[in-house]
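You will see two complexes here that share chain A, one where it goes with chain B and one where it goes with chain C.
This part shows the complex of A and B:
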C-alpha cells in the first residue's frame, strides 16, 4: 500500500524552507533578520486528489503554493514533481514544468490584465507553451471558455466587462487551457459573494472530474476546504501542525490549533453550535517564531515542555499526523 | 402599534437612488425596519444588496450627488435623521450612533498617534479636559483588550495587527457611549481566530454598555450567531426578516433558502453545492415583478409581473427550536410579543 501510494504521489515536498531576508536601509541594505515563511514542510500530493491547505495569514500557506509553481525561491528542501526535482533549476530548465503546474489567484480583479481581451489572456499561455496554428488556438480558447461556463462570443471582451465570478471563471480557464497536471488554487473563492462562491466551487469540482485534475486548494475558510478537499494540512507559522484525511481532521482533530480553528467556524444552526475555543492573541511574527512548539504562546494546553522542545510530526493513525506533544489525549 | 415609540431607531420606507450616467441605480428601494434598545440586528446580503447604503444614508455619509434620498424617514428617538442639517448630523454621528468598518487600517489616520485620534473623537462630542479624555481613552483601550494601553496611546496604527486595529476602532466607537453601534463587516478582513475574538468582544461590550448593534455581514454564520433578529436583503429590499432560528430553520423566502443551501455544509455529503444560478441584477435595470424571480427556482408567472407585498408568518407557527439559548441570549431584550416572521414572496415554499 505504501509503495503504491508513493508511486501515486504527483508532488513530493521534503523539508521545504522558504526564508526571506529582512533588510533595512535603502542605499546599503543591512540584513536585520530572516522571515521564515516556510520552515520545514514535508507533504505529498497524490495524483487526482485535492489537498486543502488551511491556516491564518502568516501561516505560509500562500508561500507554499507559490514555491510549488516557482514564484517563491526555496531556501532549502526539495520539491519533486512527477519524480523530477524542481528546486535549483534555472529559469530555462524550469520552463517545461510551468505548463504542468498552474495557479489561480484570489483576486480576479488584479490577476487579469485589464488591457488584454479574454482571447489574449487565454491564448497567451498557449502561445508560450504550445506551438499551434492560429485557428487551432482559437478553437482551444473557445472550447475552454465553454468548459468554464462562458461563451465563445466573450472572447473579444475585456475583463472589466465581467462580474467577479465570471472573472474567476476566466482565471480558471487560463490556468486549465494548457492542460496542467496540478493546479494551485490560492483562495479562489474568498473574494466572491456567497451565491457565486458556490458556483465556482461546483465548477472546480466538475473540471476536476472531467480533467482528472490534482489540486492544492489554499483557503482560510475551513468550511470551503472541508467541502472540496480529500486531505487537509493545517499550517501555522511555516510548519504543518496537522495533516489528515478530510473526514478525520474535522471529526477528530488532534492538534489544539486545529481544534480551535474548527470551533471558530460560525454556524448557522443554533443546535450545531459547540463550545467555542477562543484563542488569545494573534499569530506571532514569522521573523521571530516562539521557541519549542510555535503554537505554545496561544495554546490552551501548553506546558513547560512545549516552550522547550519542538514536537515532531507523528502519525496517530494511518492517514493522520499531528505535531503536538499531547495529541494522544484526543486520539 | 404602541411599540413604535419604544423603538430606538425606526427606518420607514427608505429609498436611496444613485443618479449615474448609466441610469438610476436603486440601491435601497423601500426599506423599513426598527431597532430596539439593546438589540442586535443582523443584516445579511450579498454585495450590492443595499445593506451598507442603508446604514450610510442614515448617517448622512453618502456622497450626494450621485446619491439621493428619494423618500423615507429615519427616526432616532423621534427625530428624523434624514432632515437634519450637517451640523446636527455630525453631533449624532459618533455620539448617538457610531460605526465601525471592515478595513480598520483605512478608517484610522496613519499619520496620527492612536491616542490623539481617540482623544479627538471624545472631545469632539463632550466638553472634557484633555487629561480626563486621555484617561478615559486609556481605560477604553484597556477594556477592549489592548495590552499596555498607556503605551499604545503613543503608537501609530501601522504598529498594530489587523485584529488590534479593529479593537482600537471599537474603542473609538464606544468612547462616547453611543446608543447604537453599526458594525459593517467588522470581521471580514480578519482571520478566523481573530474573528472569534472580535465577535466575543462585541457581544461582551454590548451587554456591558447596553447599546443596540446593527451587524452588517455577508457571512450568514456570523450573523446567525450574533443577532436577535435578522434582515435578509436582496437588490435594495428587505426580502425576509425574523429571528435567527426561524430564518435559518424555516426560511420563507426562496432567496434566503437558496443562500443557506449554497453554503458549504459538513452534513451535506454531495459533491456539488446547490448554487444559485446567475448573478444579482443590475440595480439600474431591475426586472419587472420580483427582483429575484430570474434566479428563483420557485418562480411562477405572477413573480415576473407583480412585485410581491410583505406577508407575515406568525412566530407561533414555527416549531420550537432545539437550542432556546440562541434566542434568549444574556443581554437580549425581553419582548412581550415576538415579532413575526415577515417576507416578500408570492410563493409558499
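This part shows the complex of A and C:
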C-alpha cells in the first residue's frame, strides 16, 4: 500500500481477532472452548468509499461491524480510526468516537425503542454529543427526517405506527443525525421486502453522496453489495478470503468461495447464465475451524496441501487480494 | 408538543381498558373507596374514638348504619378511618416495593454475568426467609410505627418485582435498540432508566395492582397479630380481628369490614387483570 493510500484510510484494521470464550458453570466458570468469530482480519476503508462485506451467517461479518462501533471487544489486533487506536479504550475514552462512527442495524422492528417517539429517538444522540438549544434540536430532527424521506410531522409518532421501510429510514436518520464520518450498515435491507430494499438502497446511495459518507456495508447478498460498494471483502469463518474493487471481484473472482457465491446470483438474462457452483454442506463451526485453508472442506478445487497449510492473503493484481493457493489459475 | 393523529401505546391501552367491563367496575369501586377515604374527616358521622358505653354493641340501626362495637363506637366511622390506613399502607408499601424492585431487577439484569448471579442469589436467600418472621424482626427492632410498617412490607414485596423486571430486562437487552443506545454512547443509567424500564412498565403496573391487595392482606394479618396499627387507630385488619372475637353474637362486626376488604381486593384484581390485557401488545387491535 502506498503512503498516499495509507493517509487516505479512515479506518484501518490490523489482524483483528474477536474470540468469544465458551464458559460453563456460574460461580467459577470453566473454559470449554473458544468461538473465533474473527480470526485475523486486516483491511482498510478509505475516506469516502463504501466497502462491502459479504459472507454467510457465521462468517463474522456482523462481529466485524460490531467491533468497529465498540459493541464487541477485540481479543487481539488493532482498529485505527482516523489514526487513533480504538482497541483497549475505556468506555469513557471511547465516548468521543461514538458520534464519529454509527451503526444501522438489520431489523428495524427491534432497533427502535417502542416506548419512545421518533423525536425522542432522533434527539437522543444530539443530546449526548452536541449541546444545542431545544428549538435548534427540533430543527435538526425535522431536517434529518426530511433527508430520509419522512416528514417533520412524523416526529410525535411512535415506531409502531410506521412500516418496516419507514422504520429503517428512522434508524438511518438516527445514525446520520450526528453527522458521523463512518457508518456501519449491518444488513440494513435484509429484513425488508424486496420492493422496499431498492428504496432503502437508493436512499443510502443518495445520502452517501450528500453527506460524503464513508460506509461499511455488510450483507449476505452479493447483488445488494454489488449495487452499492466500491470495494468488496469476502469473509469466511472469520477470515478474509478475497478483497478487490467491485468491478474486478464480480468480473474475475480469484477465490473458489467467491466464484461459488457469484455463480449463485440469479440472472435475468438467460445468455449470461453461468453454470452454478453448488457448495457442499454448510459453514463449519467457528469454535472448531478446519485445518489449513478453512474453506478446504467445501472447496471443489481442494488438494492435500489445502488441509495442511493455510494460504496467505496475497495480491494478484493491484487492489485485488485473495487467500487461496491456486488463485493464479484464474488470475 | 402535540401528538400526531397516531395513537400512542398508552392511549391505545386506555381505550382497550375502558372496553373491559370488569376492569371499569374495579376502577370505579377503587376510585369510590379512595374518595371516601380522602373525605373521611368531613363525611364520617362520628369521631373515630367516640364511645357510647350505654349503647354497647348494637346491630345496624338508622343512627349507626353499620352498627357499633362493644364500646359503642360507630362501625361505619371506624371503617372509614380504617380505610385510610389500609389504603395508604397498601399503596405506599407497593410504591416502596416497586421502586426498589424495578431498580434492583433492572440493574441486575442489565449488568448480567457475575453481578447478576450475586444479586439474584441475595434475592433467593431473602425469599427463603419466612416473610412474617422477617417483618416481625423489623417491627420489633425499629419500633411499631406506621412508617416502619410501610417499609417492612415494601422490603418484603420487592423481591418478586425484582425477579419480574430482571427477567424482562434479560430479553430486552438483546434487542437492537439497546445495542444502538450503547453504540450511541448512552450512559448505563440512561440505558437502564430511559430504554429498559419504560419497556417493562406494562407488566409492572399489572403486578403493582396485584400487590396492593396482597399488602393490605398482610397489614391486616400483622394488625391481627398485634404488630401493625396500634389502637385507638384502626385499620380494616384490626376491625376484622376484633370482629372475629365477637363473631358469634355480633356478626355485623366481621361482616362489614370483611365485605369491604373483599370488595377492594376483587376490584383491584379485576383492574389488574384488565390492565394486563390492555397493555399486552398481543391483544392490540390493529
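The working rule: the second predicted complex is superposed on the first by the 327 of 331 C-alpha atoms of A that agree within 3 Å, B and C clash if a C-alpha of one lies under 4 Å from a C-alpha of the other, contacts with A are read in each partner's own complex, and residues count from 1 in each chain.
Following the convention adopted for this analysis, a contact is a pair of C-beta atoms (placed from the backbone, for glycine too) under 8 Å apart; a residue touches a chain by one contact, two chains touch by 3 or more.
Small disclaimer: the values here were computed from a predicted structure and weren't measured.
Peer 1: Should A:163 be classified as contacting the first partner (chain B), the second (chain C), both, or neither?
Peer 2: The answer is first: A:163 touches chain B but not chain C.
Peer 1: In the overlay, answer first, second, both or neither for which of chain B and chain C A:250 touches.
Peer 2: It touches chain B, and chain C stays clear.
Peer 1: So, A:135: does it touch chain B (first), chain C (second), both, or neither?
Peer 2: So A:135 meets neither chain B nor chain C here.
Peer 1: Check the residue A:99 against both partner chains and state whether it touches chain B (first), chain C (second), both, or neither.
Peer 2: Only chain C; A:99 stays clear of chain B.
Peer 1: Return first, second, both or neither, reflecting whether A:31 touches chain B, chain C, both chains, or no partner chain.
Peer 2: It touches nothing on chain B or chain C.
Peer 1: Using the touch definition from the top, say if A:193 reaches chain B (first), chain C (second), both or neither.
Peer 2: first
Peer 1: On chain A, which stretch or stretches are contacted by chain B in one complex as well as by chain C in the other?
Peer 2: none
Peer 1: With touch defined as at the start, can you tell me which chain A residues reach chain C in the complex?
Peer 2: Counting only chain A, the residues touching chain C are 26-27, 66, 69-71, 94-95, 98-99, 102-103, 105-107, 110-116, 119, 124-125, 128-129, 153-158, 160-161, 171, 174.
Peer 1: Inside the complex, what are the residues of chain C that reach chain A?
Peer 2: 1-4, 6-9, 117, 175-177, 179-186, 194-195, 198-199, 201
Peer 1: Give the list of chain A residues in touch with chain B in this complex.
Peer 2: So the residues of chain A in touch with chain B come to 56-57, 163, 165-166, 193-199, 201-202, 205-206, 220-224, 226-228, 250, 260-261, 264-271, 273, 276, 278-280, 282-283.
Peer 1: Considering the complex alone, what residue numbers of chain B touch chain A?
Peer 2: Residue list for chain B touching chain A: 46-47, 161, 163-164, 191-197, 199-200, 218-222, 224-225, 244-245, 248-249, 258-260, 262-266, 271-277, 279-280, 321-323, 325-327.
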